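Note that the chains take the letters A, B and C in the order they are written out, and that residue 1 is the start of every chain.
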Amino acid sequence: MTDKVISCRELTKRFGDFYAVDKITFDVSKGEIFGFLGANGAGKTTAMRILCGLSFPTSGQATVAGYDVYTQQESIKKNIGYMSQKFSLYENLTVEENITFFGGVYGVPAATIKERSRQLISNLGLTNEAKKLVAGLPLGWKQKLAFSVAIFHEPKIVFLDEPTGGVDPVTRRQFWDMIYEAAANGITVFVTTHYMDEAEYCNRVTIMVDGKVEALDTPGNLKQQFNASSMDEVFYQLARRATRSAD
Amino acid sequence: MKYFTSWPAGLPGRPIKTTAMKQFLVFIRKEFFHVFRDRRTLLIMFGLPLVQIVLFGYALTSEVKNITLTVIDNSRDENSRQLVNKIRSSSYFVVDESSIDYNDVLAAFRKGSAKCALIFPAGFGNDLLHQGKAQIQILTDGSDPNTAKTVVNYISSITTAYQQEISRQRPLKYLIIPEPRMLYNEEGNGSLNFIPGVMALVLMIVCTALTSVSVVREKETGTMEILLVSPFKPLLVLIAKAVPYLILSLLNIIMILLLAVFVLNVTIKGSIILLFLESMLFIITCLSFGLMISNTTNSQQTALLLSMMGLMIPTMIFTGFMFPLENMPKIFQLISNLVPSRWYFLIIKAVMLKGLGFKYIWKETLVLLAMTLILLTIALKKFKTRLS
Amino acid sequence: MKVLGYLLQKEFKQIFRDKTILAMMFAMPTIQLIILPLAMNFDVKRINLAVVDHDHSTYSSRLINKINASGYFRLVAGAASFGEAIRYVETEKADVVLEIPQGFERNLVREGQQPLGISVDAINGTKAAIGGNYLLTVISDYNREIPVNANGFTKMNEIEITWSNWFNPLAEYRFYIVPAVLVLLLTLIGGFMSALNIVREKEAGTIEQINVTPIKKWQFISGKLIPFWVVGMIVFTLGLLIAWAVYGIWPVGSLLTIYAFAAIYLVALLGFGLLISTYTENQLQAMFVAFFFMMIFMLMSGLFTAVDSMPRWARIVANLTPVTHFIKVIRMVVLKGSSFADVGLEFAYLVGFAGVLNGWAIFNYRKTS
């Protein structure tokens, strides 16, 4: 029985009459690559923010890395990594400075930061860029670096919010290689995306529609269940029923 | 955020029946939405002049009042008491005679518990009676020179009046009776300078800042490219950005004028139409200035720092409504000629407060016009080169 | 603590890499310290006078000469009619018009009285009052001297006034203004720049990245405020040096007192900037709100006009702002050498402000919403 690193029961987030997240229930096991799919406005980001400790749920239960999302947010934060589409790294700091900052903030000892940072930079092939400002890096490199920084402190779980937006297919492939490696090392990966081909790379996916979880299974099972040849089709079938769309 | 509130021309699904003008209006509408959704900024935009007018109208004054005057009367005779009473009954001073002596004055000044002291020597009345003259000593706290000078002036004039009273003099046989008349300010308001001043200051800073930020923001978020790819000429893009602020500023002026008329009881002596036309011109000048600033930077922060923090003090000073320009060093006076708000200030003063017509202000108007054209040309040129 | 160290490292690097901020921080003090004191002055120098002399008599010419010689006025025109003279006022070339009616001399001698018309441009109330007063003084002096009146004069008792202006013998305005401008500098940095910086992060979304880390609230806030505090103190020192180099003003009182005040004042203003950032969503809003308060502070704090002269309600408002207190204190310590004991109460006020503003701001800032 693998540990459950994320666990939600009837998790709900309500804004007035609007249910952004409506009684969602699921578990995520250690080392899983868990895909969180859905149209814009379906509630993915809201759900993720609750799990990251950025937002209080209105009702329901959830634990992340064993900590309660209502009362133990700071403990959650110590044990997770995060990378969002809106922001990855500080543009006006160098590659090295970004790594040092995030490493230090998560409590990685200085000597370890140095060593690990060197390795990381050389693995990414950024040795020549180490002292250059991140602003000067092409988007693909930025995203890869951002992911590496997000898992630098070896968290239990890493949350990725649409991490591959705007990036070319080759780089996306490389990015997913990095995700596989992290998962293999025991880091659970919780990723939201609307690239349906990426859904195929996940161990399990969940599809949110109008704040509710409408599907939760491996890609293979889902395709069978919906009689679809691709996740695209599965998604299309579910999303058609949606009554909400993003603003 | 929807950028197009009507179906843009060229996209499938709707017939292409829009004219360039209609498209332009769509654009302006979008800009209006941007502006009106930002309640806080709107609030400040209208709140600023409101607060300033209240402050200038009711709170600020360069007159000196309620000065605590410490009196050390070493003589305590009839004359000194009379003089002290005369001073006490003037509205300028609050007389404090809790006994301290000369040595304590320094400490009192340092503590801030006294601002000035008047000292009568022993035998004051005697000297006056028998020798025909006596001395008094005024000590002032020079850290506030304005008050210091004023204190001396007030005490001097009260003393002179007192002198005349006690001197046995025949009333003057022949009397010149001056009849002063306050021009342009029969209501007797303290100072009306500030109303055109506030108008100039607020418009200059707010219009410049808002326009420059509006343009730079699009650059920063990358949406500028979307706009430029649209079928509009760059000039129209810029104009569309400026239009909402033009209208808001005119509303602002209306508010200021209403305040002046109904709360401060000022009469607008000149032509309101002329007032509005000139204001429109000035607003356009400021908007052009904002556009020019927006060309110099891609970061909102810089645009804001430049157009608000950077402009604040120079505008306050060089417009000439807070401190007299003629007292400033020559170079400042020269610089002030380059500041549009200075010219607008003169124009509004002439039209609103003096009731003068266009023939008195055509020169200033011409200057504003020239400035606007120059600024617009520079702004556009730079904008175009940045595109390529 | 270590975390704070990393935060500070990042913040300092970011601030000093930003060219605009650096320019603002160093150009601003220099420019303001130089412009403001030179531009601010309250003296009314020469009043421009236009005279309409309908009488052309000895008396009228003498009056005009006396006025001219008084040094208060500059005779800009002798006009033939009131209408012509008013033209000068309309075009801002004259501030006062004196109209001497026909028959001035004759009427004075024959009927013992003669009204004299003075028209003053009252838009600038101060100038009008002063100009009017000067003119009245000269006229009343002249009145006494007219030959018809001069005989039969008894010598007036004279009260001679001696005046000592302490701490500033020549009553120079720069001593009044420069210390206050130093406070203004701190206000701009503490209030404006810190607010802008934090809101910028909010706008860009980078605050979320911080919220998701184990960085504690107090660490984040300190990480934001401390660098600007340091910058503020540097700018203040720079300002003091400029004040000394350009104006020859060096504090008479204790530097320690001044720095203590500057330190606590900065904390209060930074708290204010932080507070603004919790109520605004983007840089434009933050700047506008900060500007709004900055205007009020500047006008009400005694920088330009004395607080004591304000009506009671205005004085209360003025005393509710930290700016007023520091300006008061810095003038006291720099020019008069007031000791810490003298200004202890003010220090307590500033501590109070710092506490309230920062507390309020910290309360508002939440990592989880």
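Here, a contact is a pair of C-beta atoms (placed from the backbone, for glycine too) under 8 Å apart; a residue touches a chain by one contact, two chains touch by 3 or more.
Since this is a predicted model, take the numbers as computed values, not measurements.
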Task = Using the contact definition stated above, find the chains touching both subunit A and subunit B.
result = C
Message = If I rank A-C and B-C by number of C-beta contact pairs, which comes first?
response = B-C
Centre-to-centre distance between subunit C and subunit A (centres being mean Cα positions), rounded to whole Å = 55
Remark   = subunit B and subunit C have mean C-alpha positions lying a whole-number Å distance apart equal to 12
Query = Among the residues of subunit B, which are close enough to touch at least two other chains?
reply = none
Remark   = The residues of subunit B that touch subunit C in their complex are 38, 40-41, 44-45, 47-48, 51-52, 55-56, 58-67, 83, 106, 109-112, 115, 128, 132-149, 152, 155-156, 159, 162-164, 166-170, 172-185, 189-193, 205, 209-210, 213, 217, 297, 299-302, 304-305, 308-310, 312-314, 317-318, 322-324, 326-329, 332, 346, 349-350, 353-354, 356, 360
Note = In the complex, subunit C touches subunit B at residues 20, 24, 28, 32, 35-36, 38-45, 89-92, 108-109, 112-129, 132, 135-136, 139-140, 142-144, 146, 148-149, 152-169, 171-173, 175-176, 188, 192, 196, 200, 279-281, 283-285, 287-289, 291-292, 294-296, 299-300, 304-306, 308-311, 313-314, 317, 328, 331-332, 335-339, 342-343
Task = Would you tell me which residues of subunit C are touching subunit A in their complex?
result = 2-3, 5-7, 9-10, 13-14, 17-18, 204-206, 208-209, 211-216, 367-369
Ask   = Which part of subunit A faces subunit C closely enough to touch in the complex?
value = 52-56, 73-74, 77-78, 80, 82, 84, 86-87, 90, 92-93, 97, 100-102, 104-107
